[in-house]
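My structure is below; once you've seen it, I'll send some questions.
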Amino acid sequence: MTEPTKDFEALDARMRETWDAILGQSPLIHTLKGGCDDRRLYALYLIETFQYTRHNAQNQALVGVRLTPGHTTYLQFCLRHAAEEAGHEQMALHDLKAIGVDPAPVTALAPMPSTEVLIAYLYWISIQGNPVQRLGYSYWAENSYHYIGPVLKAIQTQMKLEPKQMTFFVEHATIDTRHAEQVKQMIARGARSEQDWQDIGRVLEISLRLTGNILTDVQREYERLQAGAPSPYAFLQVLAGSR
Amino acid sequence: MTEPTKDFEALDARMRETWDAILGQSPLIHTLKGGCDDRRLYALYLIETFQYTRHNAQNQALVGVRLTPGHTTYLQFCLRHAAEEAGHEQMALHDLKAIGVDPAPVTALAPMPSTEVLIAYLYWISIQGNPVQRLGYSYWAENSYHYIGPVLKAIQTQMKLEPKQMTFFVEHATIDTRHAEQVKQMIARGARSEQDWQDIGRVLEISLRLTGNILTDVQREYERLQAGAPSPYAFLQVLAGSR
Amino acid sequence: MTEPTKDFEALDARMRETWDAILGQSPLIHTLKGGCDDRRLYALYLIETFQYTRHNAQNQALVGVRLTPGHTTYLQFCLRHAAEEAGHEQMALHDLKAIGVDPAPVTALAPMPSTEVLIAYLYWISIQGNPVQRLGYSYWAENSYHYIGPVLKAIQTQMKLEPKQMTFFVEHATIDTRHAEQVKQMIARGARSEQDWQDIGRVLEISLRLTGNILTDVQREYERLQAGAPSPYAFLQVLAGSR
Amino acid sequence: MTEPTKDFEALDARMRETWDAILGQSPLIHTLKGGCDDRRLYALYLIETFQYTRHNAQNQALVGVRLTPGHTTYLQFCLRHAAEEAGHEQMALHDLKAIGVDPAPVTALAPMPSTEVLIAYLYWISIQGNPVQRLGYSYWAENSYHYIGPVLKAIQTQMKLEPKQMTFFVEHATIDTRHAEQVKQMIARGARSEQDWQDIGRVLEISLRLTGNILTDVQREYERLQAGAPSPYAFLQVLAGSR
């Protein structure tokens, strides 16, 4: 039996360092800090959030599907969380509509490369390896508002967004407190060896880095929209100048 | 749009005919009608119930995992039902313990051939084909107490079983009313074409027949126990004469 | 290390007993022994052969896909055999065409229930459980002409079929000698424990019984065609009286 | 029907640009150009090559497993290529042994993060999406010696490696000519729509970029070894100074 407090502190430190690297280096964060008030940037970010969120219920459920008999508590955790996450991507679509984006082209888009790589990785860690490892993803995801909150606040203020245009993020901030506690309890119960903690930490870091990479793709596509270059996101040009 | 009432009547007729064939031909039913009061028979049946029930949450979840985007209602149905079914096999184990059976050898047993074939079929219909087809299995399973109730009643009376020794079946009779209604609503909503109804009916009949085959295997193993033949179920001989 | 000779003798005995049960009890075999010269019976059997054969390359490959690192010989066996089996179902289609059956409706048909159950079981034993167990299926399949040869001979003679109308069975009899040897060598190499031999024997018996069940479905559908009852196989009525 | 020549030119251009970006920006390439003669760098690269190569037969086979009926040519291509790739990772292990590395700790190592992300992506593109898309990975992989040849030459010369210490790369350069032609023919036959070509190109670029990322991880771990920092690769320190 390991000493969970120390292990959680190690997870928290790893999460903090990874977030610091993302928030410190991402050009998109730099753009926002420079006062960007362009809703196309928010829309691109929402679209990619939509892209990977629509897979989360399914890859979460897959963890439960491959559990061997006798892990009833973790099986129930996986299936209940999966059930709760089902359909959450609709909130991202709703927010896009609320700022005037046509959802039809959104659902037909392929994810950006970095988003697809994150999706691929989340399935990978769900279908093989240590079954508890995906909790590392849930751990940072359910605790992300401490880090991403200021970014969202800047987006809200600079782009003059109302709460009903940010339901995905507002909703998740609300339910996160409860979820974060459930995830922490599940880790405390499910992580029984040093290897378990290492695998959880490894997935935490890699999945968070891959999520950070999405910001880079979003920034690049934003610059293409600004430059008027050909883009699968050209339908977002209706937002240029809106706020 | 089809007329659901007629379609449900057709499902009900197919279910009734299949049950009639099972209850009319199964040697195990004949044994029970002959007044059998031997708890080894009940124990064998509970063991096989344990065997396939432990897979139900997982194959139910798989239906949700492979749904394409945009089927949120059915996805939630699949994941919620899967979450509810997780761990139900523990009730069968509990009932075995309650009549004095050591659960340790039970969890190490392979399923009987007919039980393994049912399990294989339930995964098969869950991972490919028409995603709504597994509702045909749920439909008869959640409505089975109308048919199997008298059999269970005979078991209870003849073998002098108390309710706490039959929690699996008592519990399922209770929750079935609500589940049966949910399954019916999901079918009414999810079955949109003639092919959907056919596929649901097909799975209803095949999965019910395969379940009926389990009774034949149980009867055969019971006869081996009676004859004192070598058997992986020899640990049930402690029940001989008990009631 | 077990003594393979004894183990193979046990497999052979189990194979012989199962074949004897099938050939002794199947009503279709009875029909043939009664001198049936109706090509509709052969066509129905070819159609079901087509149905499960089209899955064999894929479920054989799946065994290789889930092997853990370090089983290179068995991995290569699985993938090479899968590659060799790919497309074999086309021979069954060819034979149907050669006796005058339109292949278009054939490829659109669902398998009969017993055929679907066999398919389901072959995937099941391929995706989970002891990875060597599927060799039990290959073992009887590659050695089946000893048992099914007389049946095919009767079909050929009574229905006046030319070799070019039986390429599937002629071809498989030819390649079987080599395959049978390869399968035997792979079993001798891959079966390292008593459990391995048991699992191989178990799959041998169950998969052979399930294949035997197909004969019963074929006979039932044949009787429906004879009676002129509504049937998804009504397009075979062009064969009535042909020979 | 598209004009394959133009489409292949587009693939070739995308491949060239992606390679140029990798070879121009990778710090590992910079290290090599600076004359590095340290076999620890080569060993680290071989280890990661071992890590993802051991999955290639299996994810290649998965493409065939999920093909719908009627794609016999592509099914055979997938299964034959998978069979040929089975066990190739052993060559990388052999080369490690040939320079004096103990293979035991190698097979127990987890892949570096970037390598695991590549593996995850290769499974992802194999199990879903456009079935022809994985040909984009094969296309650059079988044509890579044009780009990576000079790098390997520098490694060989600077680190004074004999051919028997580079069998993985020598062997692959030899068989690549034939494989490259087979992949090109399969693309010419399998890519039937503009979308097919786009998907192949997309996978080509993303999988090549992810492979390029491995160089960065290798360089980082190399620097840790140089600095004597704690490392799961510390067993490679036996190579320090060897050549």
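Just a few scattered comments:
Per-chain numbering from 1; labels A, B, C and D assigned in written order.
By definition in this document, a residue touches a chain if its C-beta (ideal position, glycine included) is under 8 Å from a C-beta of that chain, and two chains touch if they have at least 3 such contacts.
Being a predicted model, the structure only gives us computed values, none of them experimental.
Shared contact partners of subunit C and subunit D are absent; no chain touches both.
Averaging C-alpha coordinates per chain and comparing to subunit B, the farthest chain turns out to be D. With centres defined as mean CA coordinates, subunit C is found 29 Å away from subunit B.
Subunit A and subunit C have CA centres that are 49 Å apart.
Of all residues in subunit B, none touches 2 or more other chains. Screening every pair of chains for touch gives A-B, A-D, B-C, C-D. Subunit B makes touch with subunit C in their complex at residues 110, 113, 116-117, 119-121, 123-125, 127, 202, 205-206, 209-210. Residue ranges on subunit C touching subunit D, taken from their complex, read 54, 57-58, 61-62, 64-67, 69-70, 72, 75-76, 79-80, 82-83, 86-87, 89-90, 107.
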